[in-house]
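What follows is a set of notes on a single structure, which appears directly below.
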């Protein structure tokens, strides 16, 4: 047996709140997804004006960041043409996201879940994900 | 051109609140999904103890109820062996849900979205969906 | 945060060993899958003569039993025509298995994973799954 | 008619053992999959700390290496922009893996199966796959 620590719904709501606050601040309505440590969805919100396509993208960014324990933009760098992970973006039926906006959430050095943001530019998505983590830690 | 009325994120949160309250009352943690009038997800919460399999099932119940403008249990009756909609449950890659727990949300006689509940028995799921609608209208 | 207990690879191997022993005893080579508490695969073996189709079926039986915290044959009963969960078998892209052979593994009353067996008759599959649990507890 | 030679479950276990030994040596827990000559899964293990996303990726690396009779990193080279196999990574619903870590297993010059490794860097994945083949031949 092994024991695992994972985000709960209260944590998920706080992360979403932090994302929404920053999304409001920069004026870009977002899709916001939070998963547990295994990559399974805990909570999701599509803000007024968030993109319908970004629903799945936000969920899959969070899935990737949690279940692969890696920020999605790191996969973006590693999967450029000529780089070692080139082509990984279509793995797992296309769920493996390599676009910025998915960040693992850690506690005591362990990945306990993740947040995925989508609807803005990848830079905006990542900025909002980081703001959510900062709000969560505060 | 046409104008469409649909639930927003504030409505979705109120529906989820109503579902959660009743789920707590009967002691059955649920997956709760709310979609807009087109069947696209607005918000989702998996309560502590909600089933991982029920994530997709709750989302697809809400999708079915909104996009087909019909309660999922009505499809359950219409899709019994020998009935006209027999076999419809595997349509749309299995997203067409015929198990109770998905209800359209209406305003002025128009479907403006839906709620989908999963993790309990179908009877419990439907009961929680109805409680969410009652809380929303109150 | 919440803390979760789940099977590890040593547990998975012991469950597979128990399944294989019983499968050998009744002379029916099986596909054997073990998942963690979230339904994610830990280990899998297809015995000589196990069916290729049963690979996915065994994995999905274990996924269902873990992530829905219910034996797959219970879904079989509940999803008969006229019963409340009729039609559930095509949910989650067809991954929700309602055929006997998927059993949750529990510890201290909590579901910590599951085993899924396929290649024999459903009765044989369930018998082998039960033998695996007995071997694991012994 | 034709006669086919393929790995059996004993071979698969020996390959997994070789992979695990090397993964332990370099301190990178892995997902390890072995398929038969047709690309169908024989055995799989996710080591403690192996990534959930790597479950499917390891299985699909082995599938690709066996069924296409080619190391996945060779597809990586051949599928770079401007190269003849550009875009092949999204084929077969994304199952065609072009990232290093999938190697065919040969006997008497024929492909009899494959091993797929995932969770480390592609370089580590390939190194572990090679160590598994060396252990198997020894």
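Lettered A, B, C and D in written order, each chain numbered from 1.
As a working rule, a contact is a pair of C-beta atoms (placed from the backbone, for glycine too) under 8 Å apart; a residue touches a chain by one contact, two chains touch by 3 or more.
Given the structure is predicted, the values throughout are model-derived calculations rather than measurements.
The fewest steps needed to get from chain B to chain D, moving only between touching chains, is 2.
Under half of the residue numbers at the interface between copies chain B and chain C are found on both sides, making the touching surfaces mostly different. Centre-to-centre separation of chain B and chain C, using mean CA positions: 29 Å. If each chain is reduced to the centroid of its CA atoms, chain A and chain B end up 25 Å from each other. Multi-chain contact residues of chain A (touching two or more other chains) are listed as 2, 8, 38, 40.
Taken as a graph of touching chains, this assembly fits none of the simple shapes: it is neither a line, a ring, a star nor a complete graph.
Contact between chains, as defined at the top, is found for A-B, A-C, A-D, B-C, C-D.
Residues 8-9, 12, 38, 40-48, 52, 55 of chain D are the ones touching chain C in the complex. Contact residues on chain B toward chain C in their complex (touch as defined above): 48, 51-54, 56-57, 60, 75-76, 79-81, 89-90, 93-94, 97-100, 121-123. The part of chain C that touches chain B in the complex is made up of residues 2, 38-39, 63-64, 66-69, 81-82, 84-96. Chain C contributes residues 1-8, 11, 36, 38, 40, 107, 112 to its touches with chain A in the complex.
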